[in-house]
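One chain, chain A, links the two complexes that follow: it is found with chain B in the first and with chain C in the second.
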Partner chain A sequence: MDPCSSDGDDRLYLEELVEKSLIHLQLWKDVVVEDKLVVWKGVPVRLLTGCPPHVLSHDEKPADGIGREYILPVNMTQYKEEQVTLAFLDIVFSELCAKDTKRIILAIVNTDGTVVFYFVYNGVHKPKRN
Partner chain B sequence: MAKPKGKSLQQRYKYPLPIHPIDYLPSVILHNPVSWVYWAYCFWKATNIPSKRVHIEFEGGVNFPHIVVQDKDDMKYLWKNGFFGTGQLSRSEPTWLERQEGASKERSNDLALEKITERRRIQRLEFKKERVKLEKQLLDLRRNGGNIEQENALLVQEREMLRMFKQRQQEEGLGDNNSVVEESMIEGTAVDHEYVDIESLELMSVEATFLSFALPILDISPKVLLSRLFGPSNDITYGDIHKFITHYVTYHHYRSLGWCVRSGIKFGCDYLLYKRGPPFQHAEFCIMVLDHDKSKDYTWYSSISRVIGGAKKTCVLCYVERLLPEDQIVEYWRTDNFIKLFGSYRVGEVIYKRWIPGKNRD
Partner chain C sequence: MVNKIRISVVVQGTDASDLVLTPLIFKLEDVERARKLGVCGILAGTLPTAAQQNMFLSVPLKLMAEEAIWLFLSGHAEVVHLRSPTSSLIGNLIKENLESLQAANESKLQESFRLQRQFKVEQHRLKLESLGRLPPGGELPHDPQIDSLIDSSLFVETANSSSILSKLSSKQQQDGCIDAQIINCMIANYSNWDNYLLYQSLRENGYVLSPGARFGGLYIAYPGDPLRYHSHITVQPAIDYYKEGIDLTLLTSGARLGTSVKKMWVIGGVKNYGTKQEELRKPKAPADVSFFSIEWAGFG
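And now, the complex of A and B:
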């Protein structure tokens, strides 16, 4: 990606914010920005990967160990403008993730200084018991 | 939530806005006219215009600018006087540095919001594990062909045990699960055990506008701020600014009525209203900003009301009405007549509540 373009600036800042938030607020380990890149509607998209400090959902068995998670950063404005469509997520799963990846984490960056995280599963997933 | 001492909170967050009343005038002694003159002189000389403005930076690219405050004292000042902004590495109040220092000293009585949340989550998790264990017993009983009475007895027993478990957790309070939290928090950006603060305070565009247009706090004029956010005013069309204006008008409306207004992103709404501020009590109302002449389909109202209801808050639909034609508004924007511009809108609100016949008898 061209770091000089304005889109590049936005993208880099977005990745940096999510990375900082994961490491220093959520206390994740080994967080890295991946090299692989796809362009969706003119916007370059990269994923982050990292290890959470504990199992993320109590439905998972701790026996499986804590795996690396994929994180997809988007801006709230882009999210509201419906950049995140099924077709987009399909491309993210097929181009940016390892084969048979079950889920990614959508990191939505708001302009009030918060990042909110949501699971996105590839296909139908049994709902978690609350 | 743990309750810190009420009085110190009152003192700590004495002012609801970063502008303070003139409260340092000398006393007047009735039989001493000189004191009247002195008082009048002090009153005439007194000002509550802040001596120093808060500096903001724009970060990120042009499309999605983030407004941040980096000076340590300014961050504290904005938080303490009306709860403006959010620490980028905290839940709300910028406490990252304190948390790091606290973790390395292993202070166990630290009441940072992040720690309370973490502990509550751990407790909830333990409760759920316990529940699964007990449910397995019931399943086993059913598989082995237990009769209804046995089942009911077990159910009663289970319920009792879960209740006891929860009670025990509450009694243990927030004190016990420290080790889990502390351990995971020790890693940080330590340089010889001195932490470098890497956190900035981020302001929403409406907050920055309020602190520049309504109060003289930021070192930027509303004109410069808004052209930085929306581009040169000559190219502006009404469509570009409509959403921002309705949101700002709503924000200003509640701020001027004395509410503490913060972002509602965690509850899927536009704003949260606090009576005084986050350290005092939970937010009571969730605000959704809407155009007065547009309607959404029913599922939209239903779904946000369920989310908000789940958080035990009240959903307020805030309808904003434009009183002047669009080109008049754009004209005001171009000529920086923001007082007239924001004054050309009217705000009306409706509470939306799910009604359950069995529960809402009164």
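And now, the complex of A and C:
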């Protein structure tokens, strides 16, 4: 990853890396980069959506089956202005997700190319039952 | 009218900048009432019947600053400054109030003389009545010799620190402004107001909060009484809603810890503060606090 590349390119790099990781490593289906975008501190931010290979948490009603999840790629290193503030998360939930979306998945890309995934719930939520 | 819960605040330190304030509750009934209101606190006193262990402790109940502030602002408690004789603040308070204390002392002494004289004159009158020298209910003749004898037998209480401190404490409590002073001090010295607003917001949603250092956070939150439920949330210190980014290294380490202790890693910030508080009363518009709960997704 070239830290000198423009921020737009950096977002493309993140989206591409997370997409590949989900499809080939985590075996997700129907992974696409969403068209809706929001400009945050001069950088265009888009979400990915996809279907995990199995149910991720048992809180979800079984009738829905495996639902589509929203994924937000971010950089682990913070020498860029792109910061995950609470205001940013609120904008992602309200502008980029469907109404009443309870959670998104934060895909944190490390400098070695690995990605770690965390659920981000809007508001206070109970931990998932194991 | 039900008495308020009494919170005693121990003030340590001499400078305004290095004060340590510890809110304590000493009365057992108040400890019970606080728990029913969702303030659990931590028992910190030695159990007299088993002094050489510290698994089972007794009163006083030590409160978090946020708990003391919440109890005060919701009108359930009054705050009292616990006198520690070695505190130099006492010395300053006595110096400041020297004249009024001397005047109060003097008037108290004169009042004591008046009451003693009244008592002794009445005793003398009853003695004369019983000896038959005075008809029952009769008036005592004015006798300067008797008066001077009575005066010389009056008991003079010299001013001592116990009586001064008790006068000082009753005077301070009458003033009523000491509550607000201590609360202001507690807020300034302990945690920032954002952390208190996080506490208040979670309390409004029915959670009971305890100190969270054991689980790597500011508070841990139970959905009810700690004896009935497990906590499932570790709350992090408040961050600026608009300007501060979440530290992703802290996020990953906190969420990993959360997985092993079965808790969500919760971060919050104040979106808007509501109407400004001129005095320490409930704000007219409630503050708006935004929370996000984070946990490991279980894959990757």
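Note that in this section the second predicted complex is superposed on the first by the 112 of 130 C-alpha atoms of A that agree within 3 Å, B and C clash if a C-alpha of one lies under 4 Å from a C-alpha of the other, contacts with A are read in each partner's own complex, and residues count from 1 in each chain.
By our rule, a residue touches a chain if its C-beta (ideal position, glycine included) is under 8 Å from a C-beta of that chain, and two chains touch if they have at least 3 such contacts.
This structure is a prediction, so every number in the text was calculated from the model and none was measured.
Which of chain B and chain C touches more residues of chain A is settled by the count: it is C.
Contacts of A:99 after superposition: neither chain B nor chain C is touched.
Of the two partner chains placed by superposition, only chain C is touched by A:90; chain B is not.
In the superposition on chain A, contact is made by A:76 with both chain B and chain C.
Judged by the touch definition given at the top, the superposed model places A:21 against both chain B and chain C.
By the touch criterion stated above, A:123 is placed in contact with chain C alone, chain B being left untouched. On chain A, the patch touched by chain B and the patch touched by chain C overlap at residues 21, 25, 76, 78, 116.
The part of chain B that touches chain A in the complex is made up of residues 59-64, 66-67, 85-90, 96, 114, 125, 128-129, 184-185, 187-189, 198-199, 201-205, 207, 262-263, 265-266.
Residues 21, 25-26, 52, 56-57, 74, 76, 78, 83-87, 89-90, 105-108, 115-128, 130 of chain A touch chain C in their complex.
Those residues of chain C lying in contact with chain A across their complex are 202, 205, 207, 221, 232-233, 239-249, 251-252, 255, 258, 262-264, 266-269, 271, 290-300.
Within the complex formed with chain B, the residues of chain A that make contact are 6-11, 13-14, 17, 20-21, 24-25, 27, 53-54, 58, 75-78, 110-114, 116, 129.
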